[in-house]
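Each of the two complexes below includes subunit A, the first together with subunit B, the second together with subunit C.
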Partner chain A sequence: MRRVLLWASATIGAATLVTFPYWTAEWESSRFATTVLRDILVFAIFALSLDLLVGRAGMPSLGHAAFFGAGAYAAGVATQRLGTDQLPLTLGAAAFVAAALALLIGTLVVRSEGIFFLMLTLAFAQIVFAIAFQWTSVTGGSNGLAGIARPFLGGIDLNPPERMYVLVSATFLAVVLLLRAVAGSPYGRVLVGIRENERRMRALGYDTARIRLSAFVLAGSIAGIAGALSAYSLRFVSAQDVGIGTSIRAFVMVLVGGAGTLAGPVIGAAVVLYVERILSSAVPVAETVLGLLFVAFVLLARQGIVGIGGAAWARMRR
Partner chain B sequence: MSSELLFQQALNGLSFGALLFILAAGLSLVFGMMDVVNLAHGAFYMLGAYVALSVVQLTGSFWVAMLAAPLALGLLGLILEPLLLRRLRGRHLDQVLLTIGVSLIVVDQIGVVWGREVRSLAAPAGLDGSVALFGGDYPAYRLFVIGLGIALAAVVTLVYRRTALGMHIRAGVEDAQMLGALASWPRRCSAFSRAWTSTRSSIPWSSSWSAASARSAGRWWAASSSVRPTPSARCCSRSSLSR
Partner chain C sequence: MGSDAPLIEVHELSRSFGGIRALDSVSFAVQSGERRAVIGPNGAGKTTLFNVLTGEIAPSGGSVRVAGDDITRLRPWQRARRGIARMYQRNELFAPLAARENVALAVSARAGPYRFVGTPSPAESAFADELLTRVGLAGREGVPARALSHGERRQLELAVALAQNPRVLLLDEPTAGMSPAETARITELIAGLDRTLTIVIVEHDMDVVFRLADRVSVLHEGRVIADGTAADVRGDTRVNEVYLGKVVVR
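Take a look at the complex of A and B:
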């Protein structure tokens, strides 16, 4: 009975989320709210994919923007230079390019751990950034790709903001369901096992390097999808999407929200975008606020907002 | 390529290398001695440049700035180390995250205090000319940077190898716990090296060599700190966050 109730409320919640622009159409700031929520969800997908590495598998990647950017460029290039406007094709291309890049980089980095993994992923992401910045004929260099047309899904034009939002939110829900399934699966348990004690997992017969690589590729392709959605949402891709700033933002989201949970990265994305989009118009030092948040959470609340909430909840029930 | 151009390029490489050496020496000391991964090193580097800029504007003397910037940054290191980093001993990942947070704050606050436009600093009198070298002219200031790099390397090597302090530092790198059991040095040593490294990171910035790019270069983190407005430096500029 409780299960049914839970599923029912989850379904209602999901439906409410997806139809947001329609039931708020009467609001004065519906457009703005839809835009902000859309961008939050895009980054939530990105942060969720990073959390698969950071929170589950214990692989702190500081170069995750490489795959986000690869997906964004793939979608942009497919639309602008190759003239494809079918969503399954462009989104598929984004996921594929990001996954291929993740396979390439992952093969080289998955054997390292901790701080070395972090530095290597950062270094490779900087290489990808340099390529994106200098390969002007494909990526547009420092100008980026502007005015990317939104794609079609069959005969449906995704250009109107509401439809774009529905696409983003539906993808977000799909990603949440996928990652939830991964977390509950034996594969997800193995990932946690590798995070906790890699040597023991290896002794048990798991090919840990390959499993880590598979997680890296999966996370990379999801990040690529997030990148493609970002490209379509903003109609713009620039080298900044591949840069370290984007990687850091995702890391802030995961850490502030709470690593190793599904809700954490989503809450983190909401907090960061709130600070950047809404608080920044009131306070001119949004980046300082982010930095302070980051420092405070590292020092005082390593478990993030979800961890704080969980602890408070446990205390209340006691 | 003419041999003249070749020499010039070689010298450019050397002076840039000297700058990177000065920067990296501090980073490596703080990592080796204190086991701290400081990704805010680049931000400190940038802050040093701005402190130097202000000092030059105030006193008009490049050499005072050359002294003041390292001292100011050393002081900052002395304050930040016990406040933030001491409780994260041995936790590399947390140190990385914390120092990234610190660099976000420092860079943003520099924008608030000094403004966000590009600034530059002229080379001091005597070093602002050029020297005839290999049949061409070469900026004297860059030669000075090369000389400074070599001198610093010599001094550091001397201190490291020949003095009691250097011995303690080497012992601390080898086994800090053992050193602690023998004397009360590590804490003092690490505070010292902390201050020392922040100091070091700011030295090159009392330069005009590339102060023009101070703002962007500071974005280009830590070990990879560079002085040209590298593309990656721009990648997390404010505009990207408020897009």
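Take a look at the complex of A and C:
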């Protein structure tokens, strides 16, 4: 009974989320709210993919934007240069290019741990950034790729903002379901084992370097999908998408929301984008507040908002 | 390969750390099903020997063969796949995971890590619970490893090693830090393990050594200074000088 109720409410919640632009159509700020929510969901996908590494497998990557950006460029280039506007092709290209890049970088970094892993991922992402910035004939260099056409799904034009939103929110739900399944699967438990004690995992017969690489590629391809959705949404890709700022934003989202949980990165994405998009126009020092908030979470609440909420809930029930 | 060829053959194994020779041309052979104790004073090279046997440390010379195959260059996970399991001296567990999950991770290594869908199988959990009962942790299956007492963690450490279903079991001071009652319990447990299992045990408690071991190798400053039956070693003057004498007086 409890299970049925949970599933029913999850389904209703999902339907409410996906149809947001339709049932808010009468609102004065529907357009704006849809745009903000769309961008939150794009970044939530990106942050969720990073959390697979940071929270689940214990691999703190500071270069995750390389794959977000690779996906964005791949979708943009596929649309503009190869002249295809079919969603499966451009989104598939984004996931594939990001996965290939993650395989390349991952092979070189997965044997390192902790701060060295952090620095190596950062360094490789900076190399990708330099390539994106200078390879003008493909990436547009400092101008980026502007005016990217939104894709078609078969005969359905995804250009109208509400349809674009539906694409993003449906993809978001698919990613949540996928990562939820992974977290509960034997593979997810193996990742936790590697996070907690890689030495023991090796002694048990697990090829941990290869397993870490598989997680890196999986996370990279999901980040690439987020990048493609960003390219469609904004109709623009810039070198900033590959830059350290984008990597750090995702990291802040994961840590503020709560690493190692599904809700955490999503809440983190909402908080960061709320501060950036809404609070910053009302309060001039909003971004500074965000920085301080991050420091406070790292120092005082490692479990993030989800952890604080969970502790409060446990106290209330006692 | 003859049927009486040793299961483990260690040939002139050496390893130095800086100027210190932790292992100095160590050779010995362990028969299939044998219980072999390795004793010696602190710093004799016992744990280094285990680290070289499991592949966590590369030797600077020499070779290790298991069942006739040279495994000297294999990685730790490959050696584990060939049936070498280890109980660590300092517990190497998955602290936030329940005791059952700790054991289940060892059990499921055989099925492989790349199972992205479905939940861990109930059979794995059932087998894990069975092992936990065997080592004396019945009723503690759901307790996180970090919340177990020291003695219980040693028991869990043994259950994890057994869960690998190994043919070679390396026990690094299995009774370290245990109460006399716990020591007696775990000693009997090890004594009762199947004779298809070959066991190498590093231990300071001589009662445990003489209870369990068929043969004893004595390490001193990285060298094997005696190798024989428990009775032989007990009567060896040199062994008494460097090691046993000190312990017995204690």
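What we mean here is this: the second predicted complex is superposed on the first by the 318 of 318 C-alpha atoms of A that agree within 3 Å, B and C clash if a C-alpha of one lies under 4 Å from a C-alpha of the other, contacts with A are read in each partner's own complex, and residues count from 1 in each chain.
Just so we're on the same page, a residue touches a chain if its C-beta (ideal position, glycine included) is under 8 Å from a C-beta of that chain, and two chains touch if they have at least 3 such contacts.
Fair warning: this is a prediction, and the values are worked out from it, not measured in the lab.
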First (subunit B), second (subunit C), both or neither touched by A:Met201: second
Touched partner set for A:Arg180, first subunit B, second subunit C, both or neither: neither
Partner chain(s) touched by A:Arg81 [first = subunit B, second = subunit C, both, neither]: neither
First (subunit B), second (subunit C), both or neither touched by A:Pro60: first
Partner chain in contact with A:Arg302 - subunit B first, subunit C second, else both or neither: first
Comparison of subunit B and subunit C by subunit A residues contacted: B
Shared contact residues on subunit A - subunit B and subunit C: none
Residue ranges of subunit C in contact with subunit A within the complex: 54, 56, 75-77, 80-81, 85-86, 88, 92-97, 101, 104-106, 108-111, 113-120, 160, 164
Partner subunit B, residues of subunit A touching it in the complex: 60, 62, 114-115, 118, 126, 129-130, 133-134, 142, 234, 238-240, 242-246, 248-249, 251, 255, 276-277, 280, 284-288, 290-295, 298-299, 302
In the complex with subunit C, residue positions of subunit A that touch it: 181-182, 184-187, 189-190, 192-193, 196-197, 199-208, 211, 214
Partner subunit A, residues of subunit B touching it in the complex: 37, 84, 87-88, 92-94, 96-98, 100-105, 107-109, 112, 221, 224, 231-232, 234-238, 240-243
